[in-house]
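Take a look at the structures listed below.
You will see two complexes here that share chain A, one where it goes with chain B and one where it goes with chain C.
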Partner chain A sequence: MSEDKDRQVARRGPRSRTTTIALLFLAVVVLCVYPHFPFVDRLFEAIGHPILLDRKLVSIFIFGILALALNVQVGYAGLQQLGIAAFFGIGAYTTGILTVEKYPFHVGFWGAIVAAPVCAAIAGLAIGAPTLRLRGDYFAIVTLGFGEVVRTIILNLEGITDGPRGLNPIPDPWLPPAVAESSADPARVKYLALYYIAFVLLVGLAIVFRNLERTRLGRALVALREDELATACMGINPVRIKLVALAVGAGLAGLAGALYSTTLTTTAEPSTYDFNYSIMVLCCLIIGGVGSLRGAILGAVVLFGFDNIVSPLITELLQPFAAASSGNVFLQFNNWRWIIFGLALVLMMRFRPEGLWPSSRMKAELHHEDEGPLSKVGP
Partner chain B sequence: METLAQQLILGVTNGMVFALIALGYTMVYGILELINFAHGDLFMLGSFLALTLIKVFDLPTASSATLLLALPTIAVACAVFGGALNWSVDRLVYKPLRSAPKLAPLVSAIGVSFIFQNLGLFWGGLPLFGSAKDASAQKDVPALISNVNLLGEGAHLRITTKDLMVIVSSVIVMVALYVLVRHTRLGKAMRATAQNPAAARLMGIDVDRVIGATFVIGGGLAGIASVIYALYINTVHYQAGFQNGLYAFTAAVLGGIGNIPGAVLGALVIGVVRALCSQYIGAQWEPAVVFGMLILLLVFRPAGLLGSHVREKV
Partner chain C sequence: MTPSDEIGAASVPSPSSSRPSPLPPSGRAEDRPGEVLLEVDKLTIRFGGLTAVSGVDLRVRAGEVYAVIGPNGAGKTTVFNAITGIYEPTEGTIRFAGRDVRRPWKKLLVAAWLGVGLAVALLMLLFASNIDGAWTASVKQNFRGRELGFDPGRAWSDAVAYVAARPRVEQAGGRYYPTTHDGSRAFGSFDDPFPAWELLAALEVLAERGSEAIVARAGGFVVLDRDGVAVGRPFAERARLDELVGPAREAAAGARAARLTRAIVFTLALLLGVGGAYAAWRQSRRTPAWVAGHGIARTFQNIRLFQDMTVLENVLVGMDRHIGKTAKWWAPHRFTNALPPVALGVLLVGLSATTAELDADPRVPTALFALFALGLVGYLVWTALLGAFSRRDLGVEAEAAARARALLAFVGLEDRAGELAKNLAYGDQRRLEIARALGTEPRLLLLDEPAAGMNPAESLSLMELIRAIRERGVTVLLIEHHMRVVMGISDRISVLEYGRKIAEGTPEEVRSNPKVIEAYLGKEELG
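For the complex of A and B:
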């Protein structure tokens, strides 16, 4: 049976793989030149509804890094992690504390981009070490609780974190003089710098993870997701592998936090890093495909794009109607947001659990339901 | 000393409401090993129904005899609503995922929770609650039950009619649940299914019916809790389900998830801890204290206060 599956995967493999690689290559090239030639923005500006895609792409890249971070934990290791926003927040606040005027550190962006992932990874280890031996759903609760604890602490330690105001201003990254003086407009230089930093990090991480999937560690992670007991019997230490996944994921989330706060020049208010944010990142994976690299990035693009580009655009287009009805709650598109997300989650789980762009392995597994290792015997 | 006693009373009263919600979580988890994230929001929708019925029947102007008849009727209506809604959600959303990986029903439950929250927002935008602009605002529930101190107005301690209403009605519901689970055929089937679904099925128990019944009972308890909550706290808000649901869920874990008396004990502990925390540390630290306690408990005693350690089924 499983030979059949392999053959099936192999058969549709080569052709679709070439297409995929060509598509990805095209996407990378387009994104490389996009800041200098923002054709989509020009188009929307021409019809009178600017969408600022060039600015928002930076956030999409950061969100993509966050999705990759969660993918290591949920997609590869199969941890039920419901508190990724906590590590994102820890990264952002580490950056804040290490760079703002108020504190004596002033390590700047490049120092923070190293320190933030380290701090977040240490937090991940600290919460993971005692709790990883718990059953899957208990671990979900621990991470959920941890997220709430971190958010509450950040909010209430006003002496350190400036409470609801957030730490700011976070200075711009230091750049070599040749780069910094390439344009007369410092804001433009900063935008370009962050655009390419985030983009290179996202692409670099995707390549690293692509290769990781074929290493000893990568295979151990996937084995763990499929069957923890069998993995342990094969002589792999599940807790150690899970800890690695947790620390790597937390560290990357911290990295995303450092980039995020630098882009915003503030750590933003603590309520940004709440449970809903964690769930949004999880949604990226669900929509794109749990355990699939390209799926995670696609999910980030779809979700962030919907939330920050499509939704405001529709709201703007509906403005005349909403205004005429004196703020009727049903006519504001924004108010439908959670119903749309909720329905998307429910329908995806029901009809396309492997996501929009799954890895061939997950797809093969989920479509052989009666024999796949993922199908636990239910009640 | 008096402050302490007063906070204990407050904590126990709040804990009773959490207990009714926590029971719904723990019963579903006990049978399906599913964290039903939508449960808290089901409770929230119930409280909106309660407020709607109170407004439609114009209860603030009714005599106390009418109230004595009307409030239990509303409680029954909300229980039926909660039970029916919970049952339909199980049928439509969770049931097709019974054999899927565990993440699937969990994510679906989060999706249902989002949908419910959004419905709550829309419910608050109905003309009945005034201007549609304030759909997201907190809605006031008229004070139908007097806040008179039962110990006399001069006494140092306050135990009000309201507190008594909460405690008495919760205890009645819990006793009814206990009798149902311990002494009926359905209860026996539920306990058997929770222990081992496959074996229960082999013994001729219709497991699907038992699961359906569990969702109905859990939803019904949340419906009753929502009426008690609306009358006790006197506000209704579309986001109230999330926070209260989280606390109730914590309570269920604290007591040993799947364990019915444990959920009640856990809820009382959570209620008291919250009350003491807001008195002595500061209300803004409540989430950190409650969830910190939860994490510590899971580290040192993962089975909860009353749960026994069960080896994971292989």
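For the complex of A and C:
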């Protein structure tokens, strides 16, 4: 426990720590009961503009898991990964192949949720083992290429993946009869089940990673990011640690893919898993704070919330004006979306490179030059 | 010793005063003092055309403090880098405790390389023979709906036949088609699989022997193989059989070509995979991590601490390989920690199972999920408070932290444990680097200019620290420019100049060696 005290003294006051924990706790409680008391949705329904937040929360959770996955690779291990969508897609298509009616496997959602991460992790190892010795920027190019290759392969293996149509329908998860029969509406049951599965997974992963930061592997990852040679001279094999990070990140992206395809009941078309998607997830980290657990989740909420909830809402609110001026492109908010998004990113990079809610360590690393000359002293 | 040194020494706590006794255990029993621990033989390192080190010999005996000195650019740090596995020696050998510190060759390695090669080869074989086709021929062909079932054995043998470019029998709509390797079904269809297989066998003979194989028998014309055994059932007309010779030859030639291509691809990919795995192994035979794991730790000339980690964490990274070594996975607390959440889960499932029977009541579903949510919150509170699994796994971490604190106390930094490494004073950063290196439990500690930038008082207490390290049973090899430090603590000294060793001996011998004086002060002018 005394270690924790040291930590507090070193990083921030105990006051803000308590506040943070209380806020997180409140958020967890609210999200636990939200499907039963969707007060935000009621509010927007009352003013006549339903936003379907309760449905979209499931996607936000899945996107959050994906952001956590990338955070393991980019944030913790410092790997420049530009192809996370490939592993997401591998997870989705593994789920598709293993569950759809037309193929003989029929392992169901619960089988797929185990198999998809395993397949994605194996793919991660296969791409990582020969390339991890490359320097950072070359590794970025390799992952970028890998992402595009995977997408093209999925698109062209039409006999297996049904090409641009995607595999469907993906069956709903099996639930214990007691739960499955708890509501007369099967769609409601499925929604609640996926909501809680995704939520529990997200929160569980957040707890696991929070704990990881204080164990051997977590420390080795931070050390590796700070000084690879010094870490190696401590007897820690950098390649092995990076491979572990790559496999864990890829596996989690596969898990997110399994959830995503089950929610959609289809693997979606292969172009869903393209370079843009990888960059979107990377932007989550940049906005929230690279290497910060809470930042990754916050980034997913902000980005996904803006793109899928706020932006459609504003479009809808502006509808009367757009209709009156008969198709003035500037009055359609959708056309402004990317400009606002890009502007926000530029402003972030200029004024708050550590992200909205950074970890104290990352903040310190990014402001290295500002703080005291000591770090630069040398003979 | 000048008066100013004494004043300085009084104002700085010397490590011996704050050191806990007894000393934390370190060093290894196998090091007998006087035995040669590190043996550097004719070490030469060239970078392109530049020779940084040429033919240097060093013999460091266990239990001594050995110094390497020399003017800047003499190649001292390069020697260190070679010893710790950062550079590969161009020539010469480095032996530690009587053996070469590099990954040993084992027979099992060949199996591993072959495994990698085989995986690459199989993947390339699949690519060369069309993954889509193989999938269709095996999985899709053998599965038509849940009712009819799926035979994995058949699917496997079909997949093998497809990849090996052998003819197969495919079924579609209840008919059986003899199919050539490339999927063409030019030989009609049957109600039954057996005649289809017989026709394929007959085609094989026809492709080999041509029309000579066709013989009239009772009931029609049959195909005879080389042993004179009839293949398949008789045909009514000979012309029908003669027509088949051409297509059979074509199909056989196509299959032969496909097999040849695939064999070439397979062999090349196998070679590539095995070669790649071998190259990767060769490159990683002598890495810094491997060397460090065998008991050689080091510090760096331009301090390389993990600046944004705390002092304690820095030492814990050094101890990484020795954390949790003695912990047992079946330690009871791992299970007792997990018990409450698991019990809660079981209780919840049980409760929901019983309440669900009251489904006449419309409020039941909501109540169920509220209960589930409550349970979830309970679980989260539990994990947050007690940190089940990894956080408290945990005697391990606490024990490691205690050892790290003991090491910090040993170097005199025990009250800075929670600070970030970059906030330490310069001298303290050097001490922390030493503590971190000691965390790897080395037999040989390499110190690269430990006294650089230190004031006289600090360098005095550093000398005490180095003596204390030697008392722990750790041999010390250091590079240093501070002559007072070097002469004060070293048992033996080597002098390098322009990458060559020009002198070796006790401090007194080296001090009076004319070559050394020349290297440091220049040649005395006569007259």
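We take it that the second predicted complex is superposed on the first by the 357 of 379 C-alpha atoms of A that agree within 3 Å, B and C clash if a C-alpha of one lies under 4 Å from a C-alpha of the other, contacts with A are read in each partner's own complex, and residues count from 1 in each chain.
Methods note: a residue touches a chain if its C-beta (ideal position, glycine included) is under 8 Å from a C-beta of that chain, and two chains touch if they have at least 3 such contacts.
Small disclaimer: the values here were computed from a predicted structure and weren't measured.
Student: What does the overlay on chain A give for chain B and chain C, a clash or a fit?
Tutor: Chain B and chain C fit side by side in the superposed model.
Student: Report for A:L229: first if it touches chain B alone, second if chain C alone, otherwise both or neither.
Tutor: In the superposition, A:L229 contacts both chain B and chain C.
Student: Is A:V114 touching anything from chain B or chain C once the two structures are fitted on A? First, second, both or neither.
Tutor: Neither: A:V114 stays clear of chain B and chain C.
Student: Identify which of chain B and chain C touches the larger number of residues of chain A.
Tutor: If we count touched residues of chain A for both partners, the winner is C.
Student: Is A:A27 contacted by the first partner chain B, the second partner chain C, both or neither?
Tutor: neither
Student: Please work out whether A:L317 is in contact with chain B alone, chain C alone, both, or neither, and reply first, second, both or neither.
Tutor: Neither partner.
Student: Please work out whether A:S182 is in contact with chain B alone, chain C alone, both, or neither, and reply first, second, both or neither.
Tutor: Only chain C; A:S182 stays clear of chain B.
Student: Have a look at where A:L343 lands relative to chain B and chain C in the superposition and call it first, second, both or neither.
Tutor: first
Student: For the superposed three-chain arrangement, provide the angle chain B-chain A-chain C between C-alpha centres, rounded in steps of 10 degrees.
Tutor: 80
Student: Is A:P130 touching the first partner chain B, the second partner chain C, both, or neither of them?
Tutor: The answer is both, since A:P130 touches chain B and chain C.
Student: Give me, in Å and rounded to a whole number, the least C-alpha distance separating chain B from chain C in the superposition.
Tutor: For chain B and chain C in the superposition, the minimum C-alpha gap reads 9 Å.
Student: Touching chain B in one complex and chain C in the other: list those residues of chain A.
Tutor: Of chain A, residues 130, 229, 374-375, 377-379 contact chain B in one complex and chain C in the other.
Student: Note which residues of chain A are touching chain C in the complex, please.
Tutor: 3, 5-7, 9-10, 21, 25, 28-29, 32-33, 35-36, 101-104, 106, 130, 133, 157-160, 176-179, 181-183, 192, 196, 200, 203, 207-208, 211-212, 214-216, 219-220, 222-223, 226-227, 229-239, 361, 364-365, 368, 371-372, 374-375, 377-379
Student: For chain A, which residues count as touching chain B in their complex?
Tutor: 74, 80, 127, 130-131, 134-138, 140-142, 144-146, 148-149, 151-153, 155-156, 229, 275, 279, 282, 286, 290, 326-330, 335-339, 341-346, 349-350, 353, 369, 374-379
Student: Using the touch rule from the top, collect the residues of chain C that touch chain A in their complex.
Tutor: Chain C residues touching chain A: 84, 86, 131-133, 135-136, 139-140, 142-143, 146, 150, 155, 276, 280, 283-284, 287-290, 292-293, 297-298, 300-310, 312-313, 316-318, 320-321, 323-324, 349, 352-353, 356, 359, 364-366, 368-370, 372-374, 376-377, 380-381, 383-384, 387, 389-391, 393, 397, 401, 417-420, 422-426, 429, 436, 439-440, 449, 452-453.
Student: Once bound in the complex, which stretches of chain B touch chain A?
Tutor: Result: residues 31-33, 35, 93, 96-108, 110-119, 121-122, 124-125, 131-133, 135, 193, 197-198, 201, 207, 211, 242, 246, 249-250, 253, 282, 284-288, 291-292, 294-295, 298-299, 302, 312, 314 of chain B touch chain A.
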